[in-house]
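The following pair of complexes shares a single chain, chain A, combined with chain B in the former and chain C in the latter.
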Partner chain A sequence: MADDDDVLVRVENLVKYFPVKAGGFIRHTVGQVHAVDDVSLIIERGKTLGLVGETGSGKSTLARCVAGLIPVTSGQVIFDGRDITKLSRGAMRPLRREVQMIFQDPYSSLNPRRRVGSIIGEPFAVHGIATGTERKRRVQELMERVGLNPEHYNRFPAEFSGGQRQRIGVARALALRPKLIICDEPVSALDVSIQAQVLNLLADLQTEYGLSYLFIAHDLEVVRHVSDKVAVMYLGRVGEAAPKEQLYETPRHPYTVALLSAAPAADPDTAAARQRVILTGDVPSPIDPPPGCRFHRRCPKAQPLCATDEPKLLPEGVSAVAEITAVVGQDIHLTACHFPVAVGENLATAARAREPA
Partner chain B sequence: MSITEVQFEAREAADGQSIANIEGRSQWQLTWRRLRSDKVSMIALAVIIIMVLLAITAPVFAAITHHPPNVAFPNTGENAVGLPVGPFTNGFWLGSDGTGRDLFIRILYGARISLFVGVVTTFIAACLGVSIGLMAGYFGGIIDTLLARLTDAVLAFPYVVLAIALAAVFGPSLTIIMAIITFFSWAGIARIVRGQTLSIKEKEYIEAARSIGAGPFRIMFLDILPNLMAPVLVVATLYIPAAVVFEATLSFLSLGIQPPTASWGNILSEATNFYQTSWWYVVFPALALLITTLAFNLLGDGIRDAMDPRTERILAARRMRRQRKRRRRATAALTGPTKDFPDPARQAPGI
Partner chain C sequence: MTLLEVKDLHVSFPTADGVVRAVRGVSFEVEAGRTLGIVGESGSGKTVLTQTLLGLTPGAEVSGNALFEGIDLLELSDEKLRHIRGARIAVIFQDPLTSLHPLYRVGWQIAEMIRAHDKSVSKKQASERAVELLGRVGIPRPETRVNDYPHQFSGGMRQRVMIAMALSLEPKLIIADEPTTALDATVQAQILDLLLRLQQDSGTALIMITHDLGVVADIADDVMVMYAGRAAEKAPKRDVFYSPHHPYTKGLLESIPSSSAAGARLRPIPGTPPSLINLPAGCKFNPRCSYVFDRCLKEEPVLVPVGETGYHKSACWLPTQAAGLSAEAEVLREEIVQAQRGEAAAEVAAAAVAELGLSTSDEGSVA
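Right, the complex of A and B next:
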């Protein structure tokens, strides 16, 4: 169990629903999108928590809640001992220096009308830290640190390649020397060769400044490369969480197994030998999530119990009634499944057997 | 660094000049370059500049001709039966008006009023419209509903009728006219700005600014506004002639600038009594109005085209089409009247 001093962020029972509105003149709420539903996790100092899941699983919403960019429906985000969910915008301001974000799209995350120096210097301007030549000097230092030519201070974002633009984004996030950087799919818009450069840059910065990352991606290999702990999200919930070796080598949740088997392998022999678990159907609507286990309608191992009882996130071998203290992000392998996949079990055959003939 | 980046750097290093000139070209520099190659816009701009210079130097012309704008010259400015004299008569360059004043000088003084009203009201309307549109678009919710409905209400007014009523109630004066024109101009700009703001505020760089800790007004004016300047500038350029015409309309109906102060509208209004005998009295002020509004409209169109990067490609395609046609015509002329002669440029090699 992680010591409290090692924990930078503690998310407790975080819930975020978006209202679905309808009606032309008088708008009223007709439903709720369950974007994040009761998620608890911790991020340790100087470590990286990876978050994987398909589109619509609530990864980005969770990230924005942790960053304090959108209000939460319920639950707490405790950053360095302080709950940030109830802070006003003014009280939030000093905290903005501690949490920064790197965005997915390097084309839309930089204002096309502002020069690079102004973009990277914006955090200094907002917080009144450095002005004039001092600001310029610090911006150029940052540019150099992330591998950009400081002489390009007066250029526009359009004059840079995707990889360089993402470096600008990294420099901006780094400007205030935050403790936590939330990376929302920071490399998914980049070429593979550029991805590696940006990932290595992030890794170097982590060791240099002792940064913590909440790293979101849908690319399993990328998450494996950068993370210490990994959590898999499905429809607003964490399905499985573990230190990365355990998650990748002995996945227990059928969804994780399916995800891992779907990732393309670079080596054709590995790819041929691998048994793919083909999931049928689509991700259910987050407006009306299925009862019981949210994955049961697509799960090759589903049984009647799965449709009625919601499985809890538990360590291996612990029964549902036992008192649990384990939280996502610790050194414990947690799975929310009534019938976890055993080591060596072939899920692909089960999946095929379930398919209608 | 990728191979292409390395090559890019290498090319730059070889080209010493671009190393020195590391500053990127801004949107305005690019727009200006495109605008400069557009002949119509350049002529329109020249016309506007000449108009402005003439308006500024109106007193100089008054001194040269010894004809102050509001002084009548019954001896030289009226003929034997008391009608205005024609152009280039008795030292009246464009003739005289109904009371023997110099028409040219009065048109110049009228230009001062027209351009002043046009530019100043449009500027105030643009500031108002941008602020209201930004707030409506950025804050959304109840603020948006209120501001957007207010905008719609102003746009829905039968503005000529209301303007006449307002001018009649408050009494005609320059301030009242400008207030009325501004009141009816901001709404169109506000609506455009609101729409643009709605789309821009969803961009990730706005979220990035919020995550840094920037406040709403900083985001509105430093992040969103620069992205709106292009459409606002185009619309504002097109609103100036509208304001000029509006002022002329009100003055024509004697609800605007009051005689003896000259304005194109009230000159035209006075001229209606003389159009059968003195054509110049109607033609020259009307021409001034026409040329000015036309120049502003053409410049506005030119700026819009220059701001849109796609137009360059459209122009290039048009140029290429024209060249191809010319080449085809040339080859057709050489080989005699063969109608379906294939384009040599498109002919496959070896045939």
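Right, the complex of A and C next:
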């Protein structure tokens, strides 16, 4: 277990439900979207925790809770020793400097009517830090640091390409020297050749400023490239979490195995040799998650037990009755599965057998 | 048998800012039953290229030929092209939600497509065929799902409906434009698997347009890499991935975070693609290329065979043997480029010396 001093963020039993409303005059709640359901994790200082999962798995909601952007339903988010879920707006303000976000779409996350200098300088204005020529100097320093031409201070976002816009987003996130940057699909909208430029920049900044990243992406290769620890989410829960090498080399949850086998490899021989685990069906609705294991309806290894008992997130070899809270982001390989995949086991045949004729 | 043969296709769009030269002289063939993957970044012209073949680029200035089963698609009237589109060549677009009509049941939309091309089919027969097609693309309970509206399907299921519609008239060629880009990884795997299986069953040729080299590695037979409206490299799949010749292809492959180099620094291609209004002189990739030498700045290279088979073609001034990702290939490329740059420098120096020599002799004569 990591020392407390090394831990920047500690999330404990985080739950986030969104109410589903119906009715005309009298609005009433008819259900709950179980966006994040009982997740505990840590993010170490200067390290990267990668989150992977498909649409609706709750990874972006989790990130927004960690950033303190939305109230949590229950649980705690302890940032640098302070629980931020109970803070008032005013008390939250100084903490906002320490957590910044980089968003997926560099087109919609920048105001098209404002000049780049004013976009990057906005955090200074909000927190009343630098003004006038001092602000301009610092903004130009930031632009130079992220690989933009400081002379383009007065240009509009529309005059920049997608990759350059993402650099503007990075500069803005960096302005207040945060401790944690939450990257929500930061390179998904970029072309491959540009994607690599931004990933290298993020890596350099981490080394230079000792940043911690919570890195969300659906591209498994990108997550593997940047992360130290990786967690796989499915329908609001963490299915598997481990240090990067263990997760990618010896995945234990059938969903992780399927996800890894589904990711296209840019290598024809690997693609031909790979046994694809083709899952049946789609991700179920998070409003009404299936009973038992949330993955059981699509799982090639499902047994009757999986439909009734929800598996706990546990280290290998620990019995399910043990009363422990498994914390994601440590040096332990955690899996929430009754029948984990053994090394060398072939899931592809099992998946084929389950396919409807 | 060659199903589609495109020769020297040019497409440009006149705009207020200038002429956008989207496609500049592209030639390729698609054989019956095979899959051609067209890879390129945003603005490389891959989508415009195929949409032009189908008459979906109104207002464009088009030249060249596109022979499909011996008929030039670019010379057909709108009316005649409409008979080919759908019946002989089907298209699957990226976003199935915007390509299906939201107010009609999916079964009706498929039946309508069948009846639009063949009036002799009765409504009943057409809707029976719709059910059969939905079943074939793996939609559970097709006999009830046929009466659902598009919004009642998930993204992956909608893409299956699109595929069912594309298959409805048993086309000879399917053009799939980023069909899995909007889908999650596990659903993408389902759709690629389905496309492969259907292709094996029916022998349909497929053009797969994508920015994802992984998708190409998976399902293509041949690959064409496009850059700034031209084919940079064209070859059977294995040649492109294992012995790429064009520095752009090589750069693309090296910018992917691959498993072998996890955590190591990536080698991105510097810079950004050029504006299609103001293209650079010479090779359009030269501002981003690390092997650039004199000739690249002046003349634009054309596709020439670089392998022993003649099927592997590349549009680059590097000599043909300079292909591959190995360290030896890299050394060879560096040597060639140094020699070329040296030669150019020597020429400049020789010219300078000649001039200088002349002036010194002048001086000599004065003295």
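Everything below uses one rule, namely that the second predicted complex is superposed on the first by the 354 of 357 C-alpha atoms of A that agree within 3 Å, B and C clash if a C-alpha of one lies under 4 Å from a C-alpha of the other, contacts with A are read in each partner's own complex, and residues count from 1 in each chain.
Just so we're on the same page, contacts are C-beta pairs under 8 Å (C-beta built on N, C-alpha and C of every residue); 3 or more make two chains touch, one makes a residue touch a chain.
Please read all numbers here as calculations on a predicted model, not as lab measurements.
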Touching partner for A:264 - first (chain B), second (chain C), both, neither: second
Partner chain in contact with A:155 - chain B first, chain C second, else both or neither: first
Which superposed partner A:67 touches (first chain B, second chain C, both, neither): first
Touched partner set for A:194, first chain B, second chain C, both or neither: both
Which of chain B and chain C A:105 touches, first, second, both or neither: first
Touching partner for A:163 - first (chain B), second (chain C), both, neither: both
Contacts of A:235 with chain B and chain C, given as first, second, both or neither: neither
First, second, both or neither for A:216, with chain B first and chain C second: neither
First, second, both or neither for A:14, with chain B first and chain C second: neither
Chain A residues contacted in one complex by chain B, in the other by chain C: 161, 163-164, 191, 193-194, 197
Touching residues (chain side chain B, partner chain A) in the complex: 1-2, 4-5, 9, 19, 22-27, 203-205, 207-215, 218, 222-223, 226-227
Touch list for chain A against partner chain B, complex: 64, 67, 69, 89, 92-93, 96-97, 99-101, 103-105, 108-115, 122-123, 126-127, 147, 149, 151-156, 158-159, 161, 163-164, 169, 172, 176, 191, 193-194, 197
Residues of chain C touching chain A in the complex: 41-42, 138, 140, 154-157, 184-190, 192-193, 211-218, 237-238, 241-242, 251-253, 255-259, 262-263, 265-270, 272-273
Residue numbers on chain A that touch chain C, as the complex places them: 54-55, 161-164, 191-197, 199-200, 203, 218, 220-222, 224-225, 244, 248, 258-259, 261-268, 270-271, 276, 278-279, 282-283, 356
